[in-house]
Structure formats: structure tokens, C-alpha cells
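Input: structures, listed below.
You will see two complexes here that share chain A, one where it goes with chain B and one where it goes with chain C.
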Partner chain A sequence: MNENENNNILLDVKNLTTTFSTQEGNVAAVNDLSFQIKAGETLGVVGESGSGKSQLFMSILGLLANNGKAEGSVKYKGKEILNQKKTLEEIRGDRLSMIFQDSMTSLNPFVKISDQLTEVLMVHRGISYNDALNEAINMLDMVSIPRAKTRVHRYPHEFSGGMRQRVMIAMSLICKPDLLIADEPTTALDVTVQAQILDIIDNLKKELNMAVVMITHDLGVVARVAENVMVMYGGRAIEKGTVDEIFYTPSHPYTAGLLASMPRLDDDSNKALYTIQGSPPNLQNLPVGCAFSPRCEYVMDQCKTSVPPLECFDVNRHRACFLDNYQDLIENINRGQ
Partner chain B sequence: MSNSSHGLRDLSILNIISSILGNYFIRKILVGLVTIWVVITVTFFIMRLAPGGPFTGERQLDPAVLANLRHSYGLDLPLWKQYAMYMLNLLHGDLGPSLKDTTFTVKELLGIGLPNSILLGLLALANALIFGVSIGTLAALHHNGWQDYTVMFIAIVGIICPSFVLAPLLTLVFGVNWGILPVAGFGSHSPEHWLYFFSPEYQHGSHWWSFMIPTIPKESILWAFDKHLILPVISLSLPVIAMLARLTRGSMIEVMNANYIRTARAKGLSERRIIVKHALKGALLPVVSVLGPLIAGITTGSVVIEKIYNISGVGRYFVDGALNRDYTLVLGTVVLYSALLISLNTIVDITYGYIDPRIKK
Partner chain C sequence: MKKILEVKNLKKHFLIPNPKLFAPDEALKAVNDVTFDVYAGETLGIVGESGCGKSTLGRTILQVLKPTGGDVIYHQPDVDNHLDDSINLSELKKKDLIIARKEMQIIFQDPLASLNPRMTIGEIIGEPLLLYRKHMNKKEREEEVLQWMERVGLLRGMYNRYPHEFSGGQCQRIGIARAMILGPKIIVCDEAVSALDVSIQAQVVNLLQSLQQKFNTTFLFISHDLSVVRYISDRILVLYLGKVMEIASKDQIYNTSRHPYTKALISAVPIPNPKLERERERFDLKGEIPSQIHPPSGCVFRTRCPYADDLCSQKTPQTEEVEPGHFISCHHWKKH
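Let's look at the complex of A and B:
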């Protein structure tokens, strides 16, 4: 059984640390983070801006800016890929794909959609332009671009924002990857288009049986698409679990705070929305202990001196917090208001 | 389509006129023609405002002779009449006689000078584009590396050192001190020289524009490799190389940080393919948009360079014409220059639309 599970593991990240050297000193974007992604799994990665969620996956794919440095180990199907330029070039866009949040600027404005789509296949599969073009049109059909046959020869500026994001999705899925990393794919889009995009990703995921990582700060999106959730804060994972567990019984004060600060449709009271006090940590100068301790309502002396490790406390549930009594975090917040 | 009211509406004259005026290119050409007319008019009157005239010299001419001369060139007529006559002749392609160099008409002089100027300008432009863009790209791809610092150092020197300073320096070093390159005299060696092939007598037919389309004989291929051209081309192009290198470097750095380059990386393309297929086009856009002013710069720059290296080009005729108050010669060069620059600018505009699909309508 154990072996079977190991075979099932697509991406195995161990002790990944990413630092950026800036003029003001080193900035730690990801701190000693470990996690795994299984084949076919949908993982939601949640965290506020600057929690390191995007940089984590940029590090994995080797897409960091020039001043960024990633250390640790990332294994794709048992093969080390972290900082392996040649290997990464082969599997990026083929086995591991990524889509980004800025759909308006992520497509090259000077190159026809057809060329941008076909080159992925031509580079990774070595097939002819005509075959690649047919496949590209199929993919555009799949992401519901109307009249794909003629549209494919257009330039990006002739597409709307939502259509461009769909083109991005088609482009990242054209090689039928094992894992799609979607970095806030719906942030810049309006709500109806957002729903369409999420539907498309959902359908394609089933059709292609691929794993999906959904990086977002929108808990609604996570609730909708993810099976498992990883909550990040200050470059560390602070809580992991299934989406139901995280949403109904959060085990970390930060997660509970996040959930409590979501507006609810079924709440008629005119109470002010809950907010987590303080502001996100400065990554250049993280607190000595738990990164969340300066904002935590349950802060203890222990939290200020040592970093709580991410520990498994239930079947596949992990938390990094010294607080023992986490059962009714949500109730406490609600009662407090 | 051919029947009923549709056809009638399409054929109405107003529609045709408005659709012609609505055409981007035709509008460009009309604006260009008006610009040329304004330039000629302004030049015409400014030249007349300048003190002295074509027949003022160190030796005072006999008043009767002067009056005769002025009469024979029509300079005694009222100014507006002279202007009207000049414009009328211009419409027929007649640029008039040179007031100073009486053995040639202005057209003939330009016919001699233009190929020299064009060759000098084209070589300098090609030089500047090839070296400017490539070292700019090199610097950008090694951003903050030693290659970057070297290129930028040279570029700054090139920018602060204008061609009229550079040219005498190059002349001193290569021509005088080392004596390896000729310092002057391109295009004016012997009467049997290739220039003959461009003279109006050699060309069959004598349309007014015949000097513009020289039939290049085989012998003149060597012409482009004349070593008399080496120093002029370097002096003319070095500041432009510096400018282009800085421009290319800046836009290349910007483009390499663009989101769509990150996308290209995420697709697993090789670095080479990313640069050639995805980055270069966007990075060269600013270069294309400065091509117009750049060509203007090279053309006006060549006025100085031609004078320094004693090249019989249009630029030298322009300077000499202005100094000698050779009204027709100056006007002739102005007509030529403005027509050249305006048409080149139009070409640049069209190229721009071709590279950036968002501009093309």
C-alpha cells in the first residue's frame, strides 16, 4: 500500500526555501516548505498577498526572477527537478503547466494565437505545424472559444480578457500535462467570466485526469474547486487538510480569522465584518517565532520564541500552531463579535 | 451587389471622395505634400531675408552688370512673382539654374550629389542598425554583467561625442598620425569616375526625376567599398550606434521582464527561441519608431560630415548654397531633403503598423 501511494505522488517538495537578494538585504519568500501533490489531486493554496504562494510554484518551475534563489528538493515522479535547467525546459509546458493571473499581459501581443499555441506542441512533440494547428483549434474549442478555426489566426488584442485567459488555459493544456498550476487565474476577471473559467478548468481536469494547483486568496474559489487546501502565511505552510475540514474546523487562528472575515449571504445582522488585526509580516524581517504571532489573539510566550512545526494531528491533517484547544476557533470569533 | 440602390450609393462621388480621404495612406501622402509646400515656402522667404545675394562678392560688380544679371535670373521681379514662378517651375520638375555654378542646373548638381549622399547615409544607417541593435541586445541579456557595463560605457562616450568632434579626431588618428585611411575626397577623383554613370547625359530619357533612379553599372559595385567612405561612415554612424544601443538595451530589458516572456518560459521554450521569437519584435518597436527621426538625424548629420570629408553630396551643396546665397540650389536641396524625409517617415509609419498588429486598422 505504501509503495502504491509513492507511485501516485506527482510532485514531492521537501524543505524548499526561496530567497531574493535585494538592495535592502535578503527576502525570504518561502521558508523550509514541504508538501506533496498526488496524481489527479486538486490542491488549493491559500494565503494573502506576500505569503509566498506564487513564488513557491515559481521556484518549483524555475521561473524565479534573476535575483531569486531556491534551495531544497523538488521531485517530479521521483526525479529531481529543482534548478535543473535542462530538465525543467523539457517538462515545463509539457508535463507541468502554469497559467498566470494577468490574462491581459500574459500572451505575447506581437505573435498570432496560432503560433503561440502551436509552438508548444512543435517544441515538445516535434510534430508538424499543420498537425499542431489542428490540435490548437481542438483545444480552443474545448475552452469554448467560438469560431476557433478563424479566431486562431488572430492576435491577442482581438480577444477579450476572459477569452485570453481561456486561450492561456488552452495553451497550458495543449500537451495534456500531469499538473496544472493556476496562479490566481480568475483574479482580473469579472464574476461571470470567473465562473466560466473555473468550470472549464474543472471539466478539463476530469477529462485529462490531471492534478491542479489553484493558487488564490479567494476562499470561494477554493471551496468550489479544491479537494485539499494548504494555507500559507509568511512563506510557510501553517495548515493543511481537506477543503471540508479546513472550512468547518479550522485548526489555526489565522485560517479561522480568514474564514470569519468572509461576508456571508445568510447573515442578516449589520455587524461590521471581522478583520484580522495588524498587517502581513515583512518578509525581510520575519518575527523570531511564529510569523503570525504579532497578530494572533491566542498568542503565548512560546509562540514568540520558537516557530511551531507543521505537524500531522489527524489523518492527512497538518497544523503549525502551539495552541491546543483549536476546536471552537470559529465559534469564539463569532461569539466575540 | 451589382443591382439596385446599393450600387448607386456606392458610386456616389461624395462616397468615393470620403473613402479616398479616409484612406490612411492617401491622407499621409496629402499631409506630406502640404508639409513639403510649407517647408519650401518658408525656406524661400527666409533665404531672401538673409543679407547679401548670389552676386555679392569681394569684388564689387559694376551696377549695370549686376542689374543685367539680376534681370536675367528674374531677381528684379517683385518677391511674390518670383515665388509664383518658382512654384510653377517646380510643378514641372524644374529646379532652376544654379545662380553660382553657372555651368550646371540645380537638378544636375543634385544628380551628382544625391547618389553620394544616399550611399553615405544608407551605409551609416545599416552600420548603426546592425551594431546598435546587436550590442544593445547583448548588453540587455547580460544585464549588470561586464558586457553590459562595457557597452554602456562606449554608448555614453558615443552620445556625448558629436560627429563634428569625432570626425576631426578620427581624421587625426587614422589619417594623419597612422596614415592608413584617406581623410577626404570620396566621389570626386576623376572625370571618368563612376559618377559619370549617374549624370543626366548618361541616362537615357531626361525626365526630371531620372537622377533619382540611377542605373547602377557593374563597375560601381566596388563603389560601396571605397575606402574613402570608411571614416565618413564611422563618424556619421557612431553617435547613432550609441543611441540605438541604449534604446535597444532599455526596451529589451523591459521586454524580458514582461509577463508574456514568463509565459514563454513556462511553455518550456529554449532561451534562444524566447529571444528571437518572443522578445525581439517587441524590443525593436521603439527602434522602429525612432527610425524616422534617426534618418533625419543621419541626413542632417551628413551635411556636416560631407563638409568635413569634402564629399560632393547634397549636404555640401546645401551648406555651400546657403553660404553663397545660391537661392535655387538651397531650395533644390530643401525640396529634395523634405521629400526624402517625409516619404521615409511614411514608410516607417507603415512598418510600425506591420510590426505591432495593434496599430494596424
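Let's look at the complex of A and C:
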């Protein structure tokens, strides 16, 4: 890798492992995960519940619950930030910020929007309340909240779900971060509002040249916004590639199965949905070997004993699977039905 | 096809206390003058944004909520043709309603919350039998429950377990078995697969479809997920602020919709196909659903409609049949 490309890397995650100690023993939510995010890139992180997709980014931002422990390395612009409390406090909310799924529980119900929005700027930029308030009103305008000047002085409960999610976006973008981590930002919203919110994120991303991580279980949202995709299962990344590669030539049986099991709006053939048998694994007792092996129709002996490593097999294309013949997984699935 | 339900001018208004002292209470018109038919054995999808009244509609049809006005007429499918087979559900006394209820059931969104945590799943699934099949003894009940557990993909050995031991997908299977055990003619699925992971959702959708084919059950499938609705439904009803916008077969809705709201709703759904997503033309809606207490005058959709004019604010559009089986409430359906 040359110097120039190195400079372009915003976040460099290496061998990140997150474990929670619980009464029933240690639970590994994230297992030995490595990836990079370049400036201005949009990365979609896909996975079902319990795949570790949220805990991965909570670990990076140092927001784990008390019983959680993250190990490995996370470098932001070359500087180590994993478990660095002081450094994280400086950059979190300023250079790296996060939007959570549930906007009502992420906003403080007792504090006016104006105070919640200006606090970020006053802490990170050290500017006066009045300057910060002007900035906050501008930001609310940018996320298309009507009558921002008066509404900025209201409390969270006076906004609808879609409007609150806009407030959350405004709050996380007010310092013009390099990286926005959006954890299921539109899952609780109606499709029409979801379309508006995705447009807003898209426009702001272009305007601020910010990188975006879109954590979601909705493959439609990923297809719409992402450039690159990482698929997670059982706390590991099992496949990485560009959005076209993942959607048109998936190389892992889980990815292919997931794509085939989605009812699609553009499909008017009435054939039965493909189903992946069984249910997502319990992180508390992951199967030995590949976590997907109990549900995989291509399972081999090898899969039940050892964990397939995530290997690069094409330019920036990674997969963690022992199956050699993966070129036409999608066709095989369609033929099988 | 034979009609199984006729919903006529159905209304459900909730009274909201007026914040002003001594002022009369205000009505929230959750379902406001809704008329449609349901045919035996079909799946009717009911879609709309949150707050459009789709859940209230489902519950009012089943008389879980007492309608403010209008009729729900149920045609018993097993009665001979020359006899009068219709029952007006909204006029039934409580005692008769209890009898009629066994023919219609509901499956809820939150699989775990809708199961009593202190009952074993055998008790949960078998409870309807206690009420409606009093002649059955314990052994017969248990056999019936076990048979249904197998049909929905649960193991016999799970009979004595409690709901918290099951995953979301399995809880939904329990809910389906409980709803199906009396052999109901109509099932309202209120966001029945919305809380499930993609891979589990496909399993439950396929299960619902195979049960429907086997028992010829009629489904009212309420969902905000237009992709699932397209997959599972025969016909679709689009609801907005308690009013019907469009009713048609699913192909008419998805390919030749004539209502601007339906078009906007469909174009807002992201499709898991990146190339298509990049090229797709969008028809974005501005703003959000207005207050249900003070809905817009005339056509309720006009505040977000790109084609709205004076006529729309003055006159409420009537529902017209623009081609066979395709109903629209819009003054300007010819223009777009």
C-alpha cells in the first residue's frame, strides 16, 4: 500500500474482539474482526439480530456496557483509540458520531432540543451559547425540520418519530464529523419517512465528504446507500465486497440465502421464498467450527471442526468459507426451489 | 368468488379529552367510513403508514374494539347457498359474539408479549379448546395440541416449556398454532412477521401460506412492509388517515396503480438490487402524516399530494371503480 492510500484510511480496525462476562460465562459478541473505512466511503454492515453488528461499533466508540471488554486495535487516522478514554472523549461526537435506532430513548426527555444540540458544540468547540444556537438552527434547517427557529426550543416529546430521528441526525452531524455511524437509523420509521432520512444522510455525506457506516438488517437500505458491504454472522465478518459484488455474486452461502429469502418489491414471480433453516446462533454457545454450519446446506466435515478464516480472494473481496465452488450460489438456490 | 366479509361504512372514533376546560371532547377518527369486501380463501393485504388506522381496522372488524358506526357482515362459508348465511357482527350481543369469535382469530406483532409467560406452550395453544370444545377430555386436547405443534414446526417435546425459552420465530409459530387450532375461517395477521429477522421471516411467511392452502383460511394481512405484502397478498387495500385510498389486485397496485399515495409508498421502498436502486426514479412524499384529530378537509391526502388543487380541499373524493376490481378515492386519478 502506498503512502497516499494509507493517509486516506480513516478507521483501521484490527483483530477486534469483544467479550461480555455474564453469570453464564463469557460471551464473545465480536470475534477477531478487522476492516478499514476510507474517507468518504459508505460501508453497509449487514447482519441479523445477535450478529454483533451493533456491539462492534459500540466497542469502537468505547460505549460498551460495564461487563464488556474490547481487545485488539482501532486506529483513527493512525492514532490508537480503542479503550483510550481521554482520546475518545475528545473525538466522540466531534470526529466520530453515532445515530441510534430509538430516537426517543437517545434524547434526554427533560432537556430542550436547543440545549441538547448546543451542548455538543460548546463542549467540543468551546463557542458561546448564542453562536451554538445559530449553528443548531442551521443544522435543523439542513435536515428539513420546518420552522427550526421556534421548534429548537421544544422538548423531544413534542416531535414525531421521524422528526426526532432528524434531530438525532442534526445532533450527530453538528460538528461535521469524518465518520457517521448510523445504527438502524430508519428501522422504526415509515417507508416514506425512511426515504426522506436516507436522502438527508446522502446529501449531507456529499456536502461534508463524510464517511458513513450504515448498520442494518434491511438489504434494500444497503442496496440504496452503500458502496461497500460487510456481512456479519455470529460475531464475525463472513463476507466483504462492493455492493454489486455482494448482491449479484455472493460468495458465502449465508449471504446468498439471505438475499433469496427476502420478498422483493421488484419480483412478481410467485415462487416460494427460499428459507435458511434454523435460527441465528446464540452467542453464548456458538457452534464449534463455522457458526453458520448447522444451517448451511453445503456443510462439510471441515466446517464442523474449524473456523474458516476471512480470506481475500479478489481485489478487496473477502470471504470466510471452505466451499470451493461458490461461483453460482444464487443460481443453485433458485434451481433448488 | 364468494364473499366472506362485507365491511360497510365502518367507523371507529376515539374520544380524546379536550385540553381546554369545558370544551367538548374531540374525536380521533382512526377508521373513518371504510367499505370493502373480503373473499373466501384470499389474502387481503392492508398497508399504510403508522397511524393510518390499519391495526384499528383489523380489531374493529373482529369486534375487539366496538365500532362507532357501520356494519361488518360475515358470511358463514359452510352454510347452504339458499339459506341466509350472513351475520352482522356489529349487532351481535356479547354471548353470540363469543360464539362467532371462534371463526375469526388474530396473530399479533410482538410474539413474546402476546404469550402468557406463566403458561406452558401446551396450555397456551390448547386454551381455545377449553373454551370452545368443552366435550374434549384432557387426552384429546393434548393430542390436538401436539398435532398443531407439529404442523407449525414445533417439536412434541416442547409441550411443557414456557414462552421465554423460545426464540421470536418460535413464539410466532406458537401464536399461529393458537390462532389456527379452532379452524377459524378468518385470521387477522397484525404485523405478524415484522419483528422477525429476515431468515426467520421467510420461514413464517411460508408457514402461513402453506397453512392457508391446507385449510382454506382467509387472511387479513396488516403490514407496513410492502415487499412482504406484495409477496403474500392476492389483493391490497391502501389506507391513509382512516380512509381507503385504493383497493385492487396486487398486480394492479404494484404495476398500474392510479393513486398518487400508493405510487409514493411503493417508490419509497428500497429494493435489494443496487443497480436498480441507482437508476430508479423516485416519487418522494414531503412531510409526515397529519394529525388524526384535525385531518385535512376534503381529501385527507391533499396536504402531501403533488396534484392537489382547490377541488381536493373542498370535496371528499368518493371511491370509484375505475376498472373491474380496482377502486380508487381520488378526484384526479385520470391525470396521472
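Just so it is clear, the second predicted complex is superposed on the first by the 332 of 337 C-alpha atoms of A that agree within 3 Å, B and C clash if a C-alpha of one lies under 4 Å from a C-alpha of the other, contacts with A are read in each partner's own complex, and residues count from 1 in each chain.
Convention: contacts are C-beta pairs under 8 Å (C-beta built on N, C-alpha and C of every residue); 3 or more make two chains touch, one makes a residue touch a chain.
Keep in mind that this is a model prediction, so the values were computed, not measured.
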First (chain B), second (chain C), both or neither touched by A:Val120: first
Touching partner for A:Leu173 - first (chain B), second (chain C), both, neither: neither
Which of chain B and chain C A:Gly93 touches, first, second, both or neither: first
First (chain B), second (chain C), both or neither touched by A:Leu283: neither
Touching partner for A:Ile145 - first (chain B), second (chain C), both, neither: neither
Which superposed partner A:Ala132 touches (first chain B, second chain C, both, neither): neither
Which superposed partner A:Ala182 touches (first chain B, second chain C, both, neither): neither
More chain A residues in contact - chain B or chain C: C
First (chain B), second (chain C), both or neither touched by A:Thr192: second
Footprint overlap on chain A, comparing chain B with chain C: none
Residues on chain C engaged by chain A in the complex (per definition of touch): 49-50, 167, 169-170, 197-203, 205-206, 209, 224, 226-228, 230-232, 251, 254-255, 264-277, 282, 284-285, 288-289
Of chain B, residues touching chain A in the complex: 143, 257-260, 262-270, 273, 277-278, 281-282, 355-358
Complex contacts: residues of chain A adjacent to chain B: 61, 63, 65-66, 88-94, 97-98, 100, 102, 105-111, 115, 119-120, 123-124, 155, 157, 168, 171-172
Chain A to chain C touching residues, read off their complex: 48-49, 160-163, 190-196, 198-199, 217-224, 243-244, 247-248, 257-259, 261-268, 272-277, 279-280
